[in-house]
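Shared between the two complexes below is chain A, which has chain B as its partner in the first and chain C in the second.
Coming up: the complex of A and B.
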């Protein structure tokens, strides 16, 4: 079961680099253990955000895609 | 973020040297009086002495007279004071032309724009693909109606160093004054204002491990420059307002402790990063002079084929590496770098540009960490790019 999402970052209809910019801001403001969900529609960001999280050693809890809409959920460590 | 923090944005702001911070503290905590109170009380004399000591140190570093240095709030104010001040000071004159280069900092460009709105004729000299002012084109723009030629010494984005003596000669041959914005080259490259023929020079403490909010304008004796805002009679009645004593004192201390060996070492680190990027990442394009000796020692600017600078910068930041891009999305003006566009680059290349600027606080391990992460980020982004995949 996915833990409770503390922060939801809405990037729907926003193009690169905004989804990554907003994700970074959310991580900077979060505390360790916080769960963040980013949702958006920009296709490349759905690949770039997991790539950035991977480099930072942040665990991705869930990735979903429904048509254009995608979500990436992760826990800040 | 990341497992190492690497700051490579020293062409924007430098870390204030610990010795400067400690020296400045005194002027916040004990010797905090207003320097212009020197006639009234001892604390004022101490503050005034600190300001004058800094003035002497900054003047000496430029080969200038002590009474030719005016302290300001930084490079932007110094540039405004140079352009607007000379126009105000010139009074009624047939000289109504201002000539600048196309790659100046906004504080020069926008001051020139203001003068244009006031009736001055402003001409912009073109630059070549490496950012060097075309001196032949400049010669054609400067005439006997020119009041001022303003060309920056080192460019803030690509680090290109201009031939100040040659440009000064063009200005003076036509009876015009010559201003240079040396915010990014001050101390990095030794300058003698007398030997080079400079009438006005901008310096910024924040670029030399001094405090933010402090700068200086060198004003050669007998150059008719007027103050541009009203107030008291501080700074030779050219720059009114209570002196920023801690900032000015810190500026002087930063200049006093400046070590040319740090410049040499920083240049080696910059060269090492450049070599690694060019050799290790296919499609790395150097923006600005290809000859590293023709740019300031703490600057390298590159673009990577097929990817945008903004993505690279964000991914690097998330790995602890601070650099900047010339991309429009990251510009407050929301426009691609006017410097790179003036150099003839496409919007695509300007958007892809990334500036790395090390300092004396950069260590070799920072360069290796940066290179390895840039290589990884570029490779991954190219995999995502429809045109970057092999």
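Coming up: the complex of A and C.
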């Protein structure tokens, strides 16, 4: 699956709680239907960003992990 | 989502306690849950102009050495500063109420507080009114 990403959020090397905060900021700026990809290296955020998306009822399109680097891609709804 | 919200009473003025309040606040806001922090007693010092810069650690402050050391470690581990955490809290919709009863007790005027942080002034009635429908409330 190769979703067309509108916004990339770079959280590489950021620590708690900034990956969550930056994801939320991107959602607040986005329009419905926009695809956002968050990338980072903070291990817990790879688990907790999906939790925040679940709390907001946002569905995840794709999750990838390559060594430390992970991405979470979702559509704003 | 609409019916969930969180309120936090920040009663403490320690750097670490203020940090906890803002981190948890940012966490809820990041999940789309509205957050109000009610600053009272020692917590009010955090709202003073440059208050976030001056807040002492609640333990092992050692005349500011402890705070200096923790701030250095925060930088090393890429942890956002207290000012950054307060800034993002406000940017993603966090609301701050300053307790006017404590302000009177401590001789703090509105002009002494950082107006970029404070949204509203109020006393216990406002905290209780906001909290009565909150699903989460914390006392720090």
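Convention: the second predicted complex is superposed on the first by the 77 of 77 C-alpha atoms of A that agree within 3 Å, B and C clash if a C-alpha of one lies under 4 Å from a C-alpha of the other, contacts with A are read in each partner's own complex, and residues count from 1 in each chain.
Just so it is clear, contacts are C-beta pairs under 8 Å (C-beta built on N, C-alpha and C of every residue); 3 or more make two chains touch, one makes a residue touch a chain.
As the structure is a prediction and not an experimental result, all values here were calculated from the model.
In the three-chain model built by superposing on chain A, chain B clashes with chain C.
Contacts of A:13 after superposition on the shared chain: chain C is touched, whereas chain B is not. Using the contact criterion defined above for the overlaid structures, shared-chain residue A:25 touches chain C, although it does not reach chain B.
With both structures placed on the common chain, the touch criterion links A:61 to neither chain B nor chain C. With both structures placed on the common chain, the touch criterion links A:47 to chain B but leaves chain C unconnected.
The superposed model places chain C right into chain B at 294-302; the other stretches listed in 60-68, 168-176 or 294-302 stay free of clashes. For the contact definition in use here, the residues of chain A common to its chain B contact set and its chain C contact set are 16-17, 20-21, 24, 28, 51-52, 55-56. Residues 1, 23, 26-27, 29-33, 77-80, 85, 88, 91-93 of chain C are the ones that touch chain A when the two sit in their complex. Interface residues of chain B facing chain A in the complex, by the touch rule stated above, are 1-2, 308, 310-311, 314-315, 317-319, 329-330, 373, 376-377, 380-381, 384. Residue ranges of chain A in contact with chain B, taken from their complex: 16-17, 20-21, 24, 27-28, 44, 47-48, 51-52, 55-56. Across the interface of their complex, chain C is touched by residues 13-18, 20-21, 23-25, 28, 51-52, 55-57 of chain A.
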